[in-house]
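Every chain is named by a letter (A, B, C, D, E, F, G, H, I and J) in the order it is written, and numbering of its residues begins at 1.
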Amino acid sequence: MITTIILIKTEHAKINDVGNKLAELEGVSEVYSVTGRYNLIAVLRNKNLDDIDEIVTEKINGIEGIKKTETMIAYRLISKFDIAGMFDLGS
Amino acid sequence: MITTIILIKTEHAKINDVGNKLAELEGVSEVYSVTGRYNLIAVLRNKNLDDIDEIVTEKINGIEGIKKTETMIAYRLISKFDIAGMFDLGS
Amino acid sequence: MITTIILIKTEHAKINDVGNKLAELEGVSEVYSVTGRYNLIAVLRNKNLDDIDEIVTEKINGIEGIKKTETMIAYRLISKFDIAGMFDLGS
Amino acid sequence: MITTIILIKTEHAKINDVGNKLAELEGVSEVYSVTGRYNLIAVLRNKNLDDIDEIVTEKINGIEGIKKTETMIAYRLISKFDIAGMFDLGS
Amino acid sequence: MITTIILIKTEHAKINDVGNKLAELEGVSEVYSVTGRYNLIAVLRNKNLDDIDEIVTEKINGIEGIKKTETMIAYRLISKFDIAGMFDLGS
Amino acid sequence: MITTIILIKTEHAKINDVGNKLAELEGVSEVYSVTGRYNLIAVLRNKNLDDIDEIVTEKINGIEGIKKTETMIAYRLISKFDIAGMFDLGS
Amino acid sequence: MITTIILIKTEHAKINDVGNKLAELEGVSEVYSVTGRYNLIAVLRNKNLDDIDEIVTEKINGIEGIKKTETMIAYRLISKFDIAGMFDLGS
Amino acid sequence: MITTIILIKTEHAKINDVGNKLAELEGVSEVYSVTGRYNLIAVLRNKNLDDIDEIVTEKINGIEGIKKTETMIAYRLISKFDIAGMFDLGS
Amino acid sequence: MITTIILIKTEHAKINDVGNKLAELEGVSEVYSVTGRYNLIAVLRNKNLDDIDEIVTEKINGIEGIKKTETMIAYRLISKFDIAGMFDLGS
Amino acid sequence: MITTIILIKTEHAKINDVGNKLAELEGVSEVYSVTGRYNLIAVLRNKNLDDIDEIVTEKINGIEGIKKTETMIAYRLISKFDIAGMFDLGS
């Protein structure tokens, strides 16, 4: 399982539109509306690079209203993973 | 529960050091070693802004070898959350 | 009460338009027309992240003429707060 | 009364130090510890440009640990000013 | 008397147009056509921040062909300055 | 007479030092302490490029505490300029 | 034989289109769809600078959908070249 | 087999040193000394993300004289691959 | 004689067009099609700043297809000038 | 004959030192002290890429006081070349 993090800037009036379309895509695990210079952060969990390429290049980049993306692949998870806390996420 | 995402650049020889110290901090849920312009991405899940302030300002920024950070707070999770996939994360 | 500071670049001919629309929004406490690289700074005082998300993502980003925003949430006020001086603000 | 907003980056281990020293300065009304690319935002309320110059050039820039500042003067407050809400600020 | 310096980028075919319109504005003391990354530098001498706000926000930013501005207010003149010249300057 | 405008960033604790040294140099007409991303703006009035080169390359760049400079030569003054003031200006 | 590496940003919906057109050009040896701030990296192997100029200036820059390119010529290959591994590339 | 491309800036006096050390590392297929803003480009061919992480995080980032890296993973090779030409590469 | 160097970015499909139009202008001595972030570099040799202003502001900036220019004036030539080699230039 | 243009930033107190050392190098045709964000521009005329690599990587980058370089190779000269004017250059 490979984790990919994508920083996204959208057109100002389309943050929610883009966010909702991203969230519906298979392979996209989480989409956050965030503070700062970017509008959205998408987290993907995929089986291999071919799947990531298909989702990023064809599906995500085809969504209207995206102005800029920066894609980062996680080599590795350095972490004590707090599974319990995950269930409350965003609540 | 508030999710915070931090983009981190470290001194070149200290990526693993910083990554390990971040992963041990309470409130830090995941630390990824990533491709691109940054070296590490930390994901925090905290109860309130005071806790985030304490972790970011006092603990994370006190780790030696960090050169640059950009902190983004998630307002909201726009997502169908793939719980099943989460258990395999990073394996 | 959470304080949010937003740096805003607008289209050149729409600074006042955008400024006036921002000032009318509920949750927006102050809007400054400023020197430098940005045109406007908005200060928000809101109860929680959901309110900030709604104001920033739906209302502020829907205003026509905004080209770029950078949103910063204040974790904490480090301050001797000069209440007396506040009443004269901008006079 | 002139309002000045200063975006500040500090050395990573000195955010609180710098924040506390800023908050003690006469003419500095509020100091926020913030998310994003900057560490601190200081808000000044002063009588005239000479006072701002003295505070910014001599006092603020003399604080050890400041790496970068960007100073913006507010020409004007475009705002319905929510005085009632102000008293709860940061509580 | 407050001095304001504005760095301006214009559309490529409109440097002279924008320059001439700037030079005609009351409160604008000098306009230079310059080398480097910017096309024009305007120097303003005004009585107070309200005047600067009106000139910058309403008049200068309303000129067609301006793409980018960066406005800097001079706190203070550090200078062996020919005082005689000051009295006529920009008046 | 050629006008040169130099944007200057100094070390934080040396703004006044650098400003005073700049103001004492022959050929430097005005030095402003300014808001924004830069700390100082120097305006030079010189007879020819050789003089500008000597002042900029040898004298200004030899001042301790200067971190970054961006030098712009004015091709031309586009201006309703108070001609009377010109004769005294910088002379 | 001169190696040229080109970093390419395309319009979001045209990554594959541009990638396929690049791959068909004579003199273009490899085209990668990549993570990060760029969308594509093209590697060219050509006989001389005239050939590179023709391919880059006329053919590559004529492809619709390219927004930004940064072209780097390799002076020299510092390398133990793993020919065996090359045959498996991308499989 | 995963292809990784790394853009590298080194200290000015250490380009050859860093280049030679990179070329000796297992998993590093090619190292180019290049024109432009970067000094070196390394191309890696590895079996999986764990190997890339180890080479990039531990080995490459441990080389003295590296100032900045930007790592890009190729999702996919879009290419008619000119095998014949490969044998002459760099000769 | 004053030497001016101009870094130019053009629209992707218009590099040759812009290059040819630049080369035809009086006062423009050389135009290079270059690698890197820019597409063209123009070298001008002119008698005085007024001539440079006219060529840069009116003629060069009026050419359709230019997106960005950065103009640098040479104060001085620090050089053993290889006249003999000049005749072979570009051959 | 290949033309290479190098944009150079030096430490502030070492512009002349670096300029003189550059001018003495074989293969370096002209060195200009320039206005703007850079301090020096070097123009090289060399026979092939190996020579450029040796001069840039070993000789130029070994000069103390250089902070940043951006090297651009000219593919081609698009130009009516004003030979007559060349003899007066910089005089």
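Everything that follows uses one rule, which is that a contact is a pair of C-beta atoms (placed from the backbone, for glycine too) under 8 Å apart; a residue touches a chain by one contact, two chains touch by 3 or more.
Source: prediction; values computed, not measured.
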item: Selected pair, greater C-beta contact count between C-F and E-F; value: E-F
item: For subunit D paired with subunit I, centre-to-centre distance based on mean C-alpha positions, whole Å; value: 45
item: Cα-centroid distance, subunit H relative to subunit J, in whole angstrom; value: 27
item: Where subunit A touches two or more other chains, by residue; value: 16, 33, 35-37, 53, 57, 70-73, 75-76
item: Interchain contacts, given as pairs of chains that touch; value: A-B, A-C, A-D, A-G, A-H, B-C, B-D, B-G, B-H, C-D, C-E, C-F, D-E, D-F, E-F, E-I, E-J, F-I, F-J, G-H, G-I, G-J, H-I, H-J, I-J
item: Contacting residues of subunit I [partner subunit H, same complex]; value: 35-37
item: Subunit D partner contacts - residues on subunit B that touch it in the complex; value: 4, 53, 57-58, 61-63, 66-67, 69-73
item: Sites on subunit J touched by subunit G in the complex; value: 2, 49-50, 52-53, 56-57, 73, 75-76
item: Subunit F - residues contacting subunit D, complex; value: 12-13, 15-16, 33, 35-37, 39
item: List of subunit B residues in touch with subunit A within their complex; value: 1, 3, 5, 7, 16, 19-20, 22-24, 28-38, 40-41, 45, 70-83, 85-91
